[in-house]
Structure formats: C-alpha cells, structure tokens
C-alpha cells in the first residue's frame, strides 16, 4: 500500500445518474476501511474551484445506496476548462492535502481529469457514471440500467393509450450521441420502429421519412393496432416533435410526439446499478492503493477491471451488434408478418 | 326490476383512463348476475356507427381489473355529432335489441349521450372515466387518482436531478381545463410553484411572468436548492416550453421544461381507481334495473349515488378550495421562509 | 392567537406509516411561518423520557415529503404508561419550555396523550398516522392509502403465478383489528374471497372452513383459474399459514400462504397520503393557534376538521358498508357465475 | 435450413418467471418469419400428455412482452417422469406432426427434455427461464433480473421501518439451492448480513448463530441503526422464522422475520429480462433451423450462444466470486467501521 495515501478527493460531475450515490457510499466505506479520509467536493469541478469541501464520514453515506441524484451535487463548470481554472483546482487539491482524486462522471468529466494532470500530480481514478452508457472500455456505466427501466415503464403506459386509440406515438429518449438507451428500450418495449445513430444517418433524412411513411401506411392498412417508434435525442433534426410534424405535413400521418426527458435521469437505482456502483467504488479505492492512476474502473464480462482514461473517452463503443441485429430481426419479422 | 332489461350496450369514449377496464369488468359481472347481456362496442361511438359489437362474457373480463387503457378501445367520432350519425347509432341500438346504453367517459361523451336521446329512447347511464376529474357531481372520476400518482412518481425523479443541479424545472401536467391534477400533484411533490386556472388568468400573463421571475430570483439568492413549478396544460400560451423561453429571454432565468404527456393516461390503475370503478360498474347496472336513465353514477363523500347527466357536464366543479388554500399556505410558508 | 405559543414539541409514535414525514414537514413549515419553534423528540414517547430533542428548522424537513418511515423515528415505550414515566415526560416538556405537543400516531399514541393530561397542562393535538385506518372521526389516516397500493402491487405479482399454475393463494394483510386494508385490497385485486373481522367471527371457524372448502371445490370444478383469498391478520388463529394447513388436512385442498408483512408499512407515500399529511400538519398548527387542545386533526368528506381525541380512540369506525356490500355483490356475482 | 422443420411445439415448465411471455412472443415471431408453425402446449409437460394444444399465431402474442407469468401456464407433472408418461408425450408430438420441441424452464424441465429423447427423435431446444439463475452455461436466466429488482423494492420498504425502529429484520429470499438472488439483493440493499449457501454450511449452524449474535450485539452497542439480514430459502433449517426464534431464545435478540415469497416470481419483466428473452427466442428458432438439438440457448458475456442441455443441468454455476468478495469487503468495511 502506498504510504502517502491519506486523503482522497471525491466529486460527481456531468449529468446525474442513478447509482452515483451508491458509488459515493462505496468509496467512503472502502476508504475508511483502509484509514483513508474522503473529502467530498460539491457541484462537480466547481467544488475544486470553490475549495469548500466536506469530510465524508460513514454517517454521511448511511442509506444513500438507494437514492437517485447525487449528494455531492453536480454542475457544469466552464471555468475549469481554462488554464486558470485548472491551476486553481490543483491548488485546492494541494492545499487540502489530497493524494488522489476520484471522479464519478462521464466522458467530459474524464477529459477534465486528464487536463488536470498538467497541473497536479496526484493519482486520478474515474468511475463511469452516466445513463448514456457511452464510455469505452466498460460494458456498463452506472445509471444506464435504471434509465432503461424507467423508460420502459413510461412507454408501457403510453402503450396502453396507443392500444386504446390504435394511435402512433413517437417517443424521444435520451442518449446524447449513442443509441444504447434507444435500442435496449426499443427491443424491451416491442417498439415497432427504432430510429438511432446506428441505423440512420442525417444525410438520408428525406428518404428515411418516406420509408417510415410507407412502412406505417402498409402496417396500418393490414392491421389495426398501436405503433410506437422510439427515437434517440439528437438523431432527427428537431426531435420527435419535428418528425411527427413532418409525417403529418408530407404524408398526412397523424402521430403523437412524447419527449420522456429528465424522468430518465432520476429515481432510485435498480439492482444492477447499485451492484456495479458498489463494486466500482471499492475497486477505485483498491486501484489507488495499488498505485494506479489515470485509469477508469470498468466492468468487462461481469468482471471489474481498470482501463486507461484515455481509452474511455474515445467514443468508439458501439451498441452491441447482437442487440441491433436482434432488433432488426424482430422488426423484420414483425413488419413482414404485420404483427 | 324492469322486465324489459335484457341487453345493455357498453362503450368507452374520450381519453382513456386507468380503471376503465375495471369498470367494464364490474358492469359485465353485475349484468351477468342479473341475467342481462352486455354488448361491447369498440372505438367509442364509432362502434355504434360500425355496428360490429361483441358479446362480453365473463371470460372476456377475467383479470382485466388491473390493466390500463380499455379493452373496448376508444376514439374520437365527429360523425356521431351529426344528426345522420346519431340516427345511425340509434338504429344500431335498435337492431341489436339493446335496452340501455352505458358509456364510460368524460363530459364530451356524456354530451353525446344526451344528444342521442332525440333518436333513441333506451335507458342511458354514464360512468365518469377521465383522468381530468372535471366532471360535476362526483368527487372523483375513474383514472384521476392513478394519473396523479403517476405524475408524482415522475416528478420525484425530476426532483433528484433538480436537487443535484440546483436547477429550475417547469413541469407541464394534463388536465385540459381544470387544475385538479396540477394542484394535487403540486402539493404532493412539494412544488415550489403551481400555475393553474385557479390561480392564474391569461389576462395578466405579463404581470405573472414578472412575479414569477421576482420570486425565483429572491429564492435563488437566499438559498441554493431545486425549484419545481408545475403548470396545467393550456394555462400558459405555448405551455411549459414557452414559459421557460420567456423566463430566459425577459429575465435571463435558466430553466428546463418537461412535458409529462401521455404517461399520465396509462398504467395499471391504483387501488382507489379500481375500487370506485368496481363500485360504479355495479351501481350502473343497479341504476338501470331501478329504471333510472339520463343519469351519471357518482361518488359523493365516499358514497355511490347518481346525478343527472345534465348536471355532470356543467364544468362548475372547482378544485377543492381547501386544497388550493393548503397549497397557498404551504407556498407562502415555504417562500417566506426560503425553505 | 395565543400569545404563549412559542414552542411546540413534535413526535411520531406507534407503527410507522408512509406520510409521517410529510406531516412532520408540514408542521415545521406552518410553525415557522407563525414564528413558532418545533422541537423534535425521537423514538416516540421515549424521546420525552430521554429529553434529548432537536430543534427542527426548515432545512431538516427539506425534501422529506416523499420519504417513507419517519425521521423522528418511533418505538414502543412501556415506561411512558406508568405514572413515573408520565411525570418524567411532563417534566421534559416543562424544562424544554414547550407550550404544546403534537403527536403523529395511532390510537395507542392518542391514549398516551390523554394520560399525559394529568401531569401536564400544555395543548395536545394528535394527527392520525397509521396504515390501519382504524381511527374514529377521520375518513382516512396517513399511510392507509399507500399501504393499500403497496399490497395490490404485491398481489398483482402473486396473481401472475396464481394464473400460471391455476393455484390457490391465501394472502395475509396487515390491519390489526380492522378490515380496512383487507377489504379495499380484496376489491382492488379482484380477490375471489375476503376473510376479515367484518364478515367472519372466530366462533364459527369450523363452519367457515367448511364453507370455504365447498366454495373452492365448486369453483375449481367448473372453471380452471387462479383463486386468491385475502385475510386480515389476527382474524384466523395462526393466520394464513394455519388456514392453508387446515384446508389441506381437512379438505385435501392445496394452497400457498403468503404473509405480506412489513413491506406494507414502508415506501414513498402516494399522493393521497402526502396531500392529507400536508393539510393535517398545517391544520394542527392552526388548531394550536386557535387555542384547541385534546383534539385530533381529521378528514371528513374531504374537509379537514378536528375531533376530540377521546372520540378518536373508540374503535367504532367500520369499514365502509358500501365497500363490504360492493365486495359481497362482486363476490356473489363472481361465485355464482364462476367467473 | 432443414426442410423438415414445419412445426414446433412450445411449452413453459417449472416455476414461472418474468420474461417467459417475452420468450414465447419471440419464438412465435421468429417461427412465423420462417414459415414455421408453433403449437403451444399448456401446463408444462401436462400439455404433452393432454394433447390439447393451440396454434399460436401472431395475434396470440401481441403485447405479451410486458406480462408476468406465462400465457402457456405451467405445472408440475410427475407422470411425465415415468416411461408411460414419456411415451405418451412422444406420441402426442408425433400425432401433432411436431418436428421440434422448445421448452422454456429450469433444470428440472431440461432433465425432462433429455428423458424424452429415448422416445422421440425430434429436435430439442431449451430456453433458460427461472428466477433462480441456477443454470450452468448461461450468465443469466430469464426472470432473474426482475426477481432481484422486485426483492430490493420490497426490502427498501422494510428498510424504512427498520430505520424508524432501529430494528433487526431477517428477510428470506427465493433461490432454491443457490445464492444468486440473495447475494445480489444483499449487496444492492446494503444488507448488514447475507446468509447463503456460499458462505454458510448447515454443519456449523450452532457456531454461525453465535457469530451472528455477537456481531449483532457488537453493532447495536456501538451504533443505533437498522440491521437487515437477507437469507436464502433452504439455507437455514426452518428459514427466517426459525432463525429469528433461535436468536431470541438463545441470545435474547429481538428481530422480525419476513418471507418475501411469491411476489418475487411475478410482475412485469424488467428491460434486461425482456431483452434476453427476445434474443433467446429468436436464437432458439435459428438453432432449430441450423439443425441443432439437445442444446440450451445461453447468454455468455453478452453474447447469445448455445450449450448442451447436459451441461446446463450440472448445478456447478457459482455465484460470481467477485460479487461474494465485493459483499464480504463491503460487509467487512461496514462491520469494522460500524457504519
């Protein structure tokens, strides 16, 4: 064990995700076990600029495993991205005698960690916490599973109305620049159509619209049923609302747009997110003890490991091709058979 | 008992509401008990025009008490509102030997029933099924309780993110022209502000915006916390999205608009909605047996009774003044104390 | 306004109920509005004996409206029921300069309040918080609605298995000495049978067993389906487990007993419980300001009022006869028609 | 593609699990796509003895992806395990012109499939559907994820009461002969103790009881808090109830036993279970087309594959050692630090 490791700084950054609190708890429990202090900084990287941290003792993490959001709060922090901001953050870490920094967040947060390296030479460990699951090197990120489950519960409700009215709904899901949420939700909700980065390019928007209209018209003629299309945010210019409007204007197709929005971020984490958050929190402390730095804790094939932060932010992780294929299969079967 | 009562027509009309299936089940069980047949017509009043009903036996309602939506489906039906449509509907009821018609729906559906009187002299009984709770003469409508609970579950999730980011959210709720959902949800979610028909008039939009901005600025200066405003759909021109934009443009206040939308309509009904739907379904059949017509089954002070359909559609029912007062009190306390 | 009202003692007592925290929050908000301090005592009446209260400021009740359990904790307190204990409690209230005591709890808690009158002359106000709904003078108690909803969610899951196996389940529900939970859950879950204090006496246990066996056998012969009986705790000697065993031994009927147990007590309160808790908390403070004492805040026909504590503990409140009748009707219909 | 593959028999067997219906839907969709008929047999293997199947067309699986239980029902079938029963089942498959049999179930169901081989030479494919996750060769079984989530939602509610009363709860979970549910739930609920096959042997029952008592007493002296122990069914003679009694009798420790029971089996499947069920159903049909037999569809490292049925029933699958270790770590940390 590194004898220097007395005090660790901890913060959450980027969009909040269910399970961040479970990870905070786990870091604090593990650190205390090894007689390491944990300083919690609030509001993401702003906390490093403000230099107003709190010592996180065991009572501060009691029973937080099941809470959504983050007790350390989060925020955007443009100043942190400047040399001045980075220096100030480094100063805080030095003044507070922190030997290491653990950040729970997404790719933007990890990019920030790497930038800090120029100004501070403590150990840096990231924990992937984002509902978007768009982090390379880890099969899952904390919050993703819960967000998918929240979305399917919402769409199950929409399905009731869609069935009652045999109506078309276009449901917009979060995910920023990847279709992890959209594809999983699409398969799990038996969505009649999925529109995401993996199967649609903005270049052929016009053609896609025509194909969608044809498919919808074909299905509606041969059966009377509900039709739910899930679309990833940012994939269609103007989102679900614009798509619904274009289907109406150009093809006289009535549909209802629903933007699920921020309900996908919050809520009590599900079992999967609590379990990986707990494992990852312990692993982060152990990685520090092992002398690791510039690494992100990851889950690969149900095993916890660590991968370089540099790798985590590559944006190369694809939606599992098996899932896309499964969806395409099911869609093909469904469409062909008008079920 | 009216010896003529052999066969009852049943349909659901208007927006679907959780508990409609529970009411269908209850009507069918009660009718069968009294050896009355129930003919289910699909797609609201369209079913009367299409004349393609189904005999609802006991197995058709097995285990549907817990399902959202409506197995009889629903739809708008502009044709029904014409003399031709009404005559055609009356013809169907005659041809199908129906002695009575039970409609589960809202005020529009009941207005349709009354119009049908000119062309058909069977017994007419309404059951109030709408999430909006905007039916006179009944304390509660089927679906209202579930919709409120669905909304608070959603806003609890939004609160997690609002807390994490100390951010302002403006959440738009359903309710058409009344604030029953909005006020109940507002109190139940500890919303920092409620904007509904009961406490806001479109005439003083400009002034309201200014007051809101002042209140928000005042709160944000003295505390750092989340701020959730719930607003009724249709109360603000352009809804939550427009309100958020105006706060930004005119007062530089950042906020996030969420339109909860159709998730409020579906889902498994809660206990309250299942229980009143079950009671009302039985009561509807008993009212027919008692020879009643042109009446709506209602709940008043936890007792089931019937009120004239004419009364039910008056749009006089106010949000419980106690609730508005309670909310105003709590708001006043909250605002004044910056809690 | 009573000029003496400067400081109010607050505690929760008896079984915890969802919504107790909402009531605590409401009391604190209202009291602060009127410049009244609130001292929170922990662990029910033990807190008065221990004399270690906490001043509840606004931040201590922030966002607790949605939490199950009670932040003031609860506990049994046999010592409080002795003259020594009562004197000690009274001493604490005097020492702490409390002008009034608000207790959120059930009939046992209210009996304790009345006993305290002999030793202390401050104002006493009760707020009905119990999942059992067995408090006279109030249509609803805080926690009841949530407990019923929790139970139906659980039984909906059991129904899935009961349907898959066409099996008989006997589900035991809480309620101590009344069938409020059992009857509401029974109707809401379309239970094939309800066994509660209102429709069963321990005197005719043998005959009831025979009738149940005959009914079950009759139903099972004419249909193949699930069968769920809900029974109130304490109604059958040995509970659901014993009943299942007796049906097996005496009538060779296989069934599975499920005791839902403590999951009925916890969880985030539903809208109804949050709203009445909020109203009641405000009303309790207003009642104190109005000079009331020895009263319980109540809800009658959707209006908040106060009733004498003496009346609240009479154990005269019956399950709504309309509900029992509705259930009996539905059961009769169901049984007779083998649906 | 095997030209002979015209008709596939499908049944669900063993304990029902959330996601079985999703798998049924997926098999039917995929089969129809390839012009293969699917005959559904009811009540597990009884359906093969009864020879009263139903042709499953697309409409029969519409919208069932989200339903708990199984529309094909399930049941135990001792007769099937006799040579007579097996011959009769084989006769039915021949008479019905079935080329293959797909069984969704657990290890007992797969053992039955292998026994059938002696009497019938059609293709046999298993799909792992059981909440217990005790199937070798597949990382996950259909229903496991949902059961774990259902249990943590229940225990979160119990935690509220445990916190309010600082009380000890012993919660018994399903799992038959393995601790997959128990360990995942234990970690996810921050259980203070986990008792399962992996960390406890019946041989040292007496010693374990003493250790538990010491640990509990030690914790209770140093902190005041809730304590939740989750235990696997069948691990302790007499279960949670007996353990609670023994702690009371031998060590005067008060605790409350809760047997979660059958609520863990039902309910709408979560996203994970819907997705793997959908993938596995398609894969089962594709395996048949590829000429495979005596295989079980499995998920390994997020990829769908097939493994020999012989291997699936070995009962060698261990709870992920990482999870046990993580739990032990967290427990150690927690216990040592009295958090």
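Letters A, B, C and D name the chains as they come in the text, with residue numbers starting at 1 for each one.
Quick note on the criterion: contacts are C-beta pairs under 8 Å (C-beta built on N, C-alpha and C of every residue); 3 or more make two chains touch, one makes a residue touch a chain.
Keep in mind the model is a prediction, meaning the values are calculated, not measured.
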Pair of chains joined by more contacts [C-beta pairs], C-D or A-D: A-D
Whole-Å gap separating chain B and chain D, where each centre is the average of the chain's CA atoms: 40
Distance from the mean Cα position of chain D to that of chain C, given in whole angstrom: 35
Intercentroid distance (Cα basis), chain D paired with chain A, Å: 29
Residues of chain A touching at least two other chains: 156, 159, 163
Chain-level touch network, classified as line, ring, star, complete or other: ring
Inter-chain touch pairs (all): A-B, A-D, B-C, C-D
Chain A partner contacts - residues on chain B that touch it in the complex: 12, 15-16, 18, 43, 67-70, 73-75, 150, 154, 156-161, 163-166, 169, 256, 258-267
Chain B-facing residues of chain C, complex: 25-26, 29-30, 32-33, 58-59, 61-63, 65-66, 139, 145, 148-149, 152, 156, 159, 163, 184-185, 187-190, 225, 268, 270-272, 274-275, 278-279, 282, 301-304, 320, 322-323, 326, 329-330, 332-334, 336-339
